[in-house]
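As structure tokens, the structure follows; a few thoughts come after it.
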Amino acid sequence: MVERNELQVWAAVEAIRQRRPVVHNITNFVVMNTTANALLALGASPVMAHAEEEMADMVDIASALVINLGTLSKVWVSAMFKAAERAATRGIPIVLDPVGAGASRYRTDTACELATATPPTIIRGNASEIMALCGDHTRTKGVDSTEASRDALAAAHTLHASLGSVVCVSGETDYIVGGQKTFRIANGHPMMTRVTGLGCTATALCGAFAAVTLDPAQAAAQAMAVMGIAGEMAAEKAEGPGTLQLHFLDALYRLTKADVSQRLRLEC
Amino acid sequence: MVERNELQVWAAVEAIRQRRPVVHNITNFVVMNTTANALLALGASPVMAHAEEEMADMVDIASALVINLGTLSKVWVSAMFKAAERAATRGIPIVLDPVGAGASRYRTDTACELATATPPTIIRGNASEIMALCGDHTRTKGVDSTEASRDALAAAHTLHASLGSVVCVSGETDYIVGGQKTFRIANGHPMMTRVTGLGCTATALCGAFAAVTLDPAQAAAQAMAVMGIAGEMAAEKAEGPGTLQLHFLDALYRLTKADVSQRLRLEC
Amino acid sequence: MVERNELQVWAAVEAIRQRRPVVHNITNFVVMNTTANALLALGASPVMAHAEEEMADMVDIASALVINLGTLSKVWVSAMFKAAERAATRGIPIVLDPVGAGASRYRTDTACELATATPPTIIRGNASEIMALCGDHTRTKGVDSTEASRDALAAAHTLHASLGSVVCVSGETDYIVGGQKTFRIANGHPMMTRVTGLGCTATALCGAFAAVTLDPAQAAAQAMAVMGIAGEMAAEKAEGPGTLQLHFLDALYRLTKADVSQRLRLEC
């Protein structure tokens, strides 16, 4: 067990609350409301916009860009490329969520093309998605992973080696590959898998943390830690996945230093 | 009153929880989050995708297809046709929700064309929508029905006769027309009409039940029964439509055999 | 302090609950569910539709039209123009929410073009958005205002003078400019800014109130008063922005005459 404050999770939460970084999201229809609310509850300032006509303007006021393929289509993908290019030019962090990669060739191809054209700062996905990005055409069951996160570790290292991106594989244990060491976060609660969009929310929070933390591996680990801790706090109050999602937002809003230090389960 | 377990509601719920069928939804922007969460809470595995480029791939991993016209547009309708055709080829159940049929000619026409091109396994709508599908241009008030569900029974029988589809008319009493007998489900709570997307959620659950129950009339009746029972359980805890929607998801997640057997109000 | 019942807030709430006016919304993906639920909880009948093919039909059954630029794109903007033109012809109130005006040139231009082509009955925005509509290119931080509502009063008067629209600037104090006097509403709670879409919800409620109240300045003030009062009631029960949004819907649903008379903080 390393020093728990190595990640400086709490300092990053405070930085988000104080600076309120603008996080520009091109994300999917299912989770837009959820991820905007999570960013607001944490203290960031979400923007959701996808028109090509305003991509440059929106990226220019943002401190991080989050691209999520959840309900991709030709026009939106075109805006994603434009936004990523601009973000790279400006030097702000880019977070990519290859939702459902492996479930359709269109998703896998789009995710690979986006990642190759403009290597993301952070890629966050479940095991099936990360493996699909590496050309491992394992069985995929829709947007839910069929593999344990540990099984995608080799793929994560391969992706990191080829793109330079920090790769976060989420699951019962979250792995963050790409820094000097691999972080493992064991926070979270099984009921979180029964709420749509919590994976996408993790990706959005990666954007917020990357906006205030220079090291992208640390930023991803901070985001996954805060997700998991808030999820645990919510699960203790929830009677099911319906109430869980609201207590989760409340927990992000009310999170204290004590919550973080008492609950953080990090190894590296 | 027939044997309550005739519908085998509980066995179907258990089958969904064990098999986690993938339900592919092409649905509307308003309810995507709600219906995905309801499917997850029940135990199914929702996919929401609409790009034509991936329709075949997505239908191929699904055990049921749900098409909902709520916020239709030309591009999406094109994907709906493509998905329905593929689902028919694969022989998986197709559920159609003609949201707002009767409110605009475009909706009515699209719903009729879809239903004719690839007759759905189940059509679920409110009375106004079902009547509009039969060419009965009654008064429609937006997406809310102006008619009692009973008044659409003749239209439901006509639709079933012409298309072969099971027709579910939802309302204070839900009618399922198309099997050897007509099921009537009297579960539910009036406050449910004050939450957007619960009709669409019923349609999505029809998809989940049709994925595990061979007889589509029984599947539709199971879905409506579970909707109504979970709605009643939620209404007992709720202080209004806001809290109702979360307790509803919790109730789907926590539903027990005893809840079903004590609350089911079915006649046929 | 004027007569509190000058606004006849309660009479308007009762009128909405009795008449259930259809409010047609062309709004953004992030808030569609939220605003539909708020309209339903209040007692109105929301329609969300954007296909050009059905714009005329949908406007024809509506008692008010709400246009919100939150996630605009070329196709949707085209539908907005069509809907506004039809609404003007029919003489039903048009409410415009220029979300993010000032954040991108595309938004600012679109908002100005829409407002000029068919002057809205009511324009509701935060201070930055209202100032941007007047050509005041102040600093904008995404979709959140960087200015206090009071600072946009001059811009609101200019807009009203040029377009004839009632202009509502929301913030800690809401200002409604355009009638014989300027209304100031001091209801609300700071936690409301941490829930996405409550500004858009205020706009949607303006549509519902404008459907039953002839004077658009009064309608806008009624809407802002009910928003603020329901928000206060919700904040007293909430533990954070997650639970706030549900208690807010419950409060709209349960609102009583006593709530309004005890809490209304109106000056003019």
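So that you can tell them apart, the chains are marked A, B and C in the order they are listed, and the count of residues begins at 1 in each.
In this text, a residue touches a chain if its C-beta (ideal position, glycine included) is under 8 Å from a C-beta of that chain, and two chains touch if they have at least 3 such contacts.
Bear in mind the structure is a predicted one, so any value in this text is a computation, not a measurement.
Using only the C-alpha atoms, find the rotation that maps subunit A onto subunit B and quote its angle between 0 and 180 degrees, to the nearest 5.
120
Same or different: at the subunit B/subunit C interface, is the fraction of residue numbers used by both copies above or below half?
Different: fewer than half of the residue numbers at the subunit B-subunit C interface appear in both copies.
Go ahead and note the Å separation of the Cα centroids belonging to subunit B and subunit C.
33
Specify, in ascending order, the residues of subunit A that touch 2 or more different other chains.
29, 33, 245-246, in rising order.
Can you list the residues on subunit C that touch subunit A in the complex?
28-31, 33-34, 70-74, 100, 103-107, 140-144, 193-197, 238-243, 245-246
So in the complex, which bits of subunit A are touching subunit C?
20, 22, 24, 29, 32-33, 36-37, 40-41, 45-51, 53-54, 57-58, 61-62, 75, 245-254
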